[in-house]
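The structure follows.
Chain nomenclature is as follows: A, B, C and D, assigned in order of appearance, with residue numbering initiated at 1 for each chain independently.
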Amino acid sequence: MNITLAQAETAVQAAKAKATELGTLMNIAIVDAGANLTAFAHMDGAWLGSIDISQKKARTARYFDMPTGEIGKLSQPGGSLYNIEHSNGGLITFPGGIPIKNTEGEIIGAIGVSGSTVENDHIVAQAGVDAFG
Amino acid sequence: MNITLAQAETAVQAAKAKATELGTLMNIAIVDAGANLTAFAHMDGAWLGSIDISQKKARTARYFDMPTGEIGKLSQPGGSLYNIEHSNGGLITFPGGIPIKNTEGEIIGAIGVSGSTVENDHIVAQAGVDAFG
Amino acid sequence: MNITLAQAETAVQAAKAKATELGTLMNIAIVDAGANLTAFAHMDGAWLGSIDISQKKARTARYFDMPTGEIGKLSQPGGSLYNIEHSNGGLITFPGGIPIKNTEGEIIGAIGVSGSTVENDHIVAQAGVDAFG
Amino acid sequence: MNITLAQAETAVQAAKAKATELGTLMNIAIVDAGANLTAFAHMDGAWLGSIDISQKKARTARYFDMPTGEIGKLSQPGGSLYNIEHSNGGLITFPGGIPIKNTEGEIIGAIGVSGSTVENDHIVAQAGVDAFG
């Protein structure tokens, strides 16, 4: 199973609405089950450097089927996955990337959000995920 | 002046409608005046390899402020821009990338489309540009 | 639908048998529907440079859902896809990569073979595909 | 001396059997004495991000002829090899990569495993090494 463009666009719109509600400017990326980019939106004035980060967060979340922040807990100095970020052409392991599941619980893609604090990034990403209710 | 996300999304939707009218499956990328990705859509079942190509076409069109196919005429063996594709992390110089201008004629971004013949790619990209009527 | 490791290993073994029959030494790569590496084998003494080429052929075949040699016909100087090889981190567009379909005709992955003439590479890749009879 | 494909495939099968025994889904890569990929297997459903990591672990183990986890002890902040992961196109220095020796004790290649905890990754890699008994 793979996320459709219609589903991805719904997730992007939900994330944008949440970003606006929080007064933030976000970059929002959706990848499919194969970690390939499916949809992307850069809100006007959002950080340019977050264009790449949002995509890397989405891919990282699908690469390991967990929220990016969970990986970051293990990739710290002394942690079991220290410097895992050097793999796969660059990972981002702080919060803002979350896998997307279908109603059967199968992972069909992931969302990555970047543009504010990592707390806000995660909240906006979750809003995108919740659009699959 | 810079393309807005709202304008970019309008262009993406116009391009998608044209792609559907032609019976094709396209990847559609919009970059801003700084050649940074602003919006992207991968139609269900479109070529995975065209995700990157559509973005490279959009950037190439903005990097040189002309349709990508114009550059391709000059990058052939013996041509004045032979193998320019090696620059900028990889250019795509066949048709499907077109600069986007505002009503004052100022370039505010570019669109890149990939997924079918280069003729169709160009037609769909033009449909995206024409949404700025 | 996605190729399984068991299917991929069957294809690798069929390709190896054909390579041996032809008296060639091959590198054989299988990617899944998302263009991610699933199985790989480097026959003893095969060209080291073909390790990368076989993987790029497999990805190229899946990226555009056609045999790699078909793309190469269009990417020549003056062709409509001239220098497409600069995309996607490097494509290989001469023969030796072929999509793999399931019995319903759905593409579930691709095989890439490199190590001899492109004619032999293609024959060995086809032997891998034919293992899905 | 160099690992043969037959030996590499035996190591992959032994590692797969151990992975199954542990209830894990692994990516398993074997490189030869020249640090070139010789065999690879991605178990169905294993993390996509571990495709690259398993290969980087195998190369790292052969690059420095020691288990990857030993390098990780020295690459921490303040350590003598701090951030060595930036070299060679990206190293992985946590456990899961182990050199492979022949019966004379000569290093003929290495195995890299990724897909679970680093403890499990190392156990599965060791099972691949032990196939050279």
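Here is the rule we go by: contacts are C-beta pairs under 8 Å (C-beta built on N, C-alpha and C of every residue); 3 or more make two chains touch, one makes a residue touch a chain.
Since this is a predicted model, take the numbers as computed values, not measurements.
Count the C-beta pairs in contact for A-D and for C-D, then report the pair with the higher count.
Counting C-beta pairs in contact, A-D comes out ahead.
Report the chain whose CA-based centre is farthest from the CA-based centre of chain B.
Of all the other chains, the one whose centre lies farthest from chain B is D.
Sharing more than half its contact pairs with B-C, counted by residue number, which one of A-B, A-D or A-C qualifies?
Selected from A-B, A-D or A-C as the counterpart of B-C: A-D.
So how far apart, in whole Å, are chain C and chain D when each is placed at the average of its C-alpha atoms?
Computed from C-alpha means, the inter-chain centre distance equals 25 Å.
Rounded to a whole Å, what is the gap between the Cα centroids of chain A and chain C?
Result: the chain centres lie 32 Å from each other.
Compute the distance, rounded to whole Å, between the mean C-alpha positions of chain A and chain D.
Taking the average C-alpha coordinate of chain A and of chain D, the gap between them is 29 Å.
Counting only residues that touch at least two other chains, what does the list for chain B look like?
Counting only residues that touch two or more other chains, chain B contributes 48.
Every pair of chains that touch: which are they?
All chain pairs meeting the touch criterion are A-B, A-C, A-D, B-C, C-D.
Which bits of chain B are touching chain A when the two form their complex?
2, 4-5, 9, 32, 34, 36-44, 48, 51
Where on chain B is chain C touching in the complex?
The touching residues are 47-50, 52-53, 56, 72, 75-77, 83, 85-86, 90-95, 117-118.
Which chain A residues qualify as touching chain D in the complex?
34-35, 59-60, 62-65, 77-78, 80-84, 86-89, 91
Which of the residues in chain C end up touching chain A in this complex?
32-36
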